[in-house]
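Just so it is clear, A, B and C label the chains in written order, and each chain counts residues from 1 on its own.
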Amino acid sequence: MLDLLAQTSLNAVYAASYISLIAVGLVLIFGVMGVINFAHGELFMLGAYAVVALYADMQLPFLMAVAAGLLFVGLLGLVMERTLFRPLKDNPLGGLVASIGLLMILQALAVLGFGVRMEHVPPVTQEVIAFSDKVRLPLARLYVIVAAVLLLTGLWYFLKRTRFGWALRASAQDPEAAALQGISITQTARIAMFIGAALAGVAGALTAPLVSVNPHMGHSVIVTAFIVIIVGGVGSLEGAVIASVVYAFVHTFVTTLYDGVIADIVGLSLMLLVLIVRPTGLFGSADRA
Amino acid sequence: MTKFLEIRGLTMRFGGLLAVDNLSFTVEHGQIHGLIGPNGAGKTTTFNMISGFYKPTSGKVLLRGEDISGLKTHEVARRGVVRTFQHSTLFAELTVLENALVGTHMPFRPNIFAAIIGWDKEDRIGAEARAREALEFFGLEHLAQERAGDLSHGHQRALGMAVAYASHPDVILLDEPFTGMNPEETRRMMGLMRALRDNGITLLLVEHDMQAIMGLCDTITCMSFGKFLAEGGPAEIRNHPAVIEAYLGGARHVA
Amino acid sequence: MPRILFFALGLIGLVALPHALSFSQQEILVFLVINVLLVASYRLLTLTGEWSLGHVVIMGVGAYASALFSKNLGIYVPFAMLLGGMTSALLAVLLSFPLFRMKGFYFLIGSFAAGEIIRLLWKRFRDPFGGAKGIKGIEPMPDFSIGVYEFDFFEPISYYYMSGAVVVFCLWILWRIERSPVGLTFHAVHWQDKLAEASGVNLRAYRTLAFSIASGFAGLSGALLAHYVGTINPNSFDVEVMVFVLTWAIVGGTATFYGPILGCVVLTILNEIVLRELGFEQMRPLIYGAIMILSILFMPKGLESIVQRLTRRTPVAAPREKVAE
């Protein structure tokens, strides 16, 4: 029983690590741009395909593939900012619709480029850390956890300690006041889009060897991310991380005890409950909708 | 004898801030009643509690003896107390006539089944007649087909009152009705308010500019820092030492 | 009157249309007719300013309900369809309690969550929903004759006439609602809910009313679909279908009654006839996505704005001064 608890907790920590990368990016984009990026799951998917192309097919080192995925998806974020979200700044529904359109395009491109079949990515390492007979943590998962912690710590440092970060937080809180302070909205939007997208891309790239990579993998990811950012309070980065952990534990335990579908239902119900009780989320107070 | 509109011990607390503190006064039927006070006196909060936008922390709003505090805005409206808004809050995308038609929602409550079958002809004719009557009263008849968002500021304010008037209210609550108006528009608006009163409608208006409503109101209640300060006719209020002190004090703060 | 002539010509065109099409095109035509009802019902909801992401699942509720009513309870199919629509409307009333605590973006996400939960329940519970495989062998519409025409529902052309008549009748009802004082109140709730409330409008009641009527018609469209295709499963009503509905509404525009219908018809023709026949099968989602983005960027007011410019009639907010005619 204790073994089960320990093992499931380890699984949950792993899930929390990549979910929080995705959710934090989504929150960052929403905070600065005021747009819910429905294509965020597809950015995750593209990061995974970068690893498929560079690491699995072209045999480049894994870390190089991950870095390339991060950079590629981050740059795609810049393109999205310039071509979609900036022109649609004054159209609240517009950004959402455009991101749904982009979702379909990216999915179709993945199908055209790689086919609908699941891709097999060779494992980075087969090693397993065995705490006991039944409690085991594959080293590959530990890498993901460590990478997520490092990235989020780096982001936290960037947001709290640098001038860019200060500008970013200021314009997330109140774009007009930030503009009066001489902060370039366009500049902060670019940074937010790059970081937000890159985080999704790197999450996809890191987990590619551990999940089934296919063109439609973004769907469950975006649903999860929505649940997490709602529970965490839209606009709150800390809330998103905390909610990722809470969600990962709830979902992993319900999956272990019952089954995956029930776990999904519980997750969605959790989100509805939060919306009913506190329509702006548990930790958030930002109301930009 | 039950009073017409009685505010009894109204209190509103936002967190640690006591915005309105145990406020009581009575509005007589058929009068123009002014609620004045320097900025931050709690007038708008009081206004929002009477109109059902806020639920008071404690205290009551009694309309003909019935407690209407804590009711939703539409429930308050259905009891005959209709509010207007500080800014030009209108259905900007709809025409002037359509704005007034929304105002007739209460006397001619739409019924969806009758509307589908076409059994609501009489109601529709009645509603349109009432809407046009309201527009005529405020001199907007000739603008009936204009988009409300395209009207001049003065006309928009008048339309806001026409929407309220179209619903056959007993009381109209006016939130700073003269803000942003030039003297000519102000003079015309005062004339309309007197005409409303002469039609048996009670008006309660909130205003921080004391001079603007001196010549208009029958009774004035003055509040300061959330508390009742003084009440009386315009002449009485104008010379009331506490009122002068409150306004001068406020002016010193501003300066 | 030229207007009556216009409608008569349109009707004749609609009756004659399937005879000029191939069998597979006739099948597409049936789907198109059903989708027209779906997207028109969606517009009624958007009248109050709320955009839902659960509308297609609500359609599915009508489909499942009608299929189960006819299959398990042996209810005559046309009645089962009506009951299916009512089930959707009733569910919408229930859902309105949690969902209408939210507004705008939160309503969007909330409706999405509610829809996904319903879909997962279908998936999870084999009895009675059939699990991931869904329901197969749904009762077809029973054949009947109206003297001049024999309805044989193995023929898409018959189903087209039947569903077409139902849809035209539903559109008429929706149009009557929109042009009525109730419709005006929906507009009022959308543009200035505070002022509407101050005019005595019960916001919750009107939002719920729009939501349940829209859901009822969506459910009916789902029932029409279920008894035509004979098989439904949770994936028949997934987010991708919702994206299509959203696209139709956006590309067509939602300021007018005909906008979303126009978007649905134009995109379906483009999608099914042009792209499929040209052999772009795999590229379809890509092109759909591109159309969505391009139209929101360069045609934010939708196809209807072009029609309005061509016909040069009244301003966007539509004339309702004829109420007393």
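Quick notes on this structure:
Criterion: contacts are C-beta pairs under 8 Å (C-beta built on N, C-alpha and C of every residue); 3 or more make two chains touch, one makes a residue touch a chain.
Treat the numbers as computed from the prediction; the structure is a model and nothing was measured.
The set of chains in contact with subunit A as well as subunit C is empty.
Of all the chains shown, the one with its CA centroid nearest the global CA centroid is C.
Each chain gets a centre from the mean of its Cα atoms; the one farthest from the centre of subunit A is B. Taking the mean of the C-alpha atoms as each chain's centre, subunit A and subunit C sit 33 Å apart.
With centres defined as mean CA coordinates, subunit B is found 50 Å away from subunit A.
In whole angstrom, the spacing between the mean C-alpha positions of subunit B and subunit C is 42.
Against subunit C, in their complex, subunit A makes its touches with residues 36, 84, 87-88, 91-94, 96-98, 100-105, 107-109, 111-112, 219, 223, 226-227, 230, 234, 261-262, 264-265, 268-269, 271-272, 275-276, 279-280, 289.
By the touch criterion given at the top, residues 51, 98, 101-106, 108-110, 112-114, 116-117, 120-121, 123-124, 239, 243, 246-247, 250, 282-286, 288-293, 296-297, 300 of subunit C touch subunit A in their complex. Chain contact summary for the complex, subunit C toward subunit B: residues 173, 176-177, 180-182, 184-185, 187-188, 191-192, 194-203, 209, 213, 315-317, 319-321, 323-324. Subunit B contributes residues 51, 72-74, 77-78, 82-85, 89-95, 97-98, 101-103, 105-106, 108, 110-112, 115-116, 118, 120-121, 123-125, 127-128, 144-145, 147, 163-164, 167 to its touches with subunit C in the complex.
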